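Read the structure below first, then the notes.
As written, the chain order gives the labels A, B, C and D, with residue 1 at the start of each chain.
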């Protein structure tokens, strides 16, 4: 079991649903992937053509990190906030995935990052539907 | 002029609208206020009755901080992401303001924090309407 | 391989050392563990006795998250900054581990969180020594 | 009085020293300035020559933001952590200021950001000496 799962399991009041756990883990993973992809893009010689990707990476990283902490505190949070944050995360992931997919042929880091974004986008949609 | 205003003014491509500037500043202020209110609540003897407030403070701080960075990069961002992030920030601010207002009679830090949340909620609404 | 490993492997200039990879992953894990432990402590009936733990959890989460992003961008960063950030992370992890260890007998989330903090403290020390 | 000052004044246990208040405000300002400077650099035609500046901006923004929240919770924090975090913030600000100063002749946003970094570097040094 991951640390996120262990911590939810031992939380005095967490519901510990699978959809919640998977969404937190997808957000943490996507934030890390996007932070790394932004830096990889900065390291490419054609960086001037990747500024849109870097911005979407950094936006997605910030939104995923905030979503992860809000979900981790989900027990005590307002459901309206959780829902709106999940919608924002889904939008940021979709925008970043779409951008990274355009560079996937040239940059393997964009391929991997796009996959992480799509996983997180789906995990947000599934938690919204749960 | 604030540092946020100076930086937007000298950005090579920023639109520099007043609504954008005011919203970034309201988010930065509200994030700081909520971080501080969470700690002030932790320092109160009746902390056991303030756990809901602490959680909403921490959620609001995380969402406002993410919103501030996304808006600061607004030039290159996807409008769908910006709109969804503003909606999330408005929801987090409204939830935190409502909670802090309930303790405003007893704790001056909650009074001040509720005002910062309401200002940020309004600034998000105005930027969404702009 | 984890997403962090995949992204470092495909970065155009990353050194990809094992010590770097392990430290980034330990920071990400510890940030998540501490965010969750703070909320679990807020959910305990004896929260009034856990405020010191909540504060150290939140501090450690903030420092670990910042350390993870600085390390992820390690390729282009100033070595003095990286070193000082690793020292700060080691201190925050040690302080949080020590605190969590005091509650480990009563709260399983503190036991698990203390272990994550000790792993991260060691990973920082190993990267500093590398 | 700023929101940070108002919140410290109404905190049940804060010491409310001027050096602490000034350092928190300098960190918040510097984080905002560095986030904005990174994006302004991304918007410059000569972005390929500014990647080092963007990385130092993003590192400095992350470290200043973490420092601001740790200092805001200073009442309950471990003094060793606070000291190490202040040293890390001072190092990140010095590195970013040095880099921005090299581009100050060409980019006004780097001039303004370098000044914010130097103010924050000094504020950290003064709080360390207090």
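Following the convention adopted for this analysis, a residue touches a chain if its C-beta (ideal position, glycine included) is under 8 Å from a C-beta of that chain, and two chains touch if they have at least 3 such contacts.
It should be emphasised that the depicted structure is a prediction, and the values quoted were computed from it without experimental measurement.
Comparing the chain pairs A-D and A-B, the larger number of C-beta pairs in contact belongs to A-B.
With every chain reduced to the mean of its CA atoms, the largest distance from subunit A is reached by D. Separating the centre of subunit A from that of subunit B, both taken as means of CA atoms, is a distance of 21 Å.
Centres computed as Cα averages put subunit A at a distance of 26 Å from subunit D.
Contact with two or more other chains is made by residues 39, 42-43, 51, 55, 58, 65, 69, 73, 75-76 of subunit C.
Interface of subunit B with subunit D (complex): residues 3-4, 6-8, 10-14, 24, 28-29, 32-33, 35-37, 39-40, 42-44, 61, 65, 68-69, 72-73, 75-76, 107-109, 112-113, 116.
Subunit A makes touch with subunit D in their complex at residues 39, 42-43, 45, 47-48, 51, 54-55, 58.
Those residues of subunit C lying in contact with subunit D across their complex are 51-52, 55-56, 58-59, 62-63, 65-66, 69-70, 73, 75-78, 80-81, 83-85, 87-88, 90-92, 94-95.
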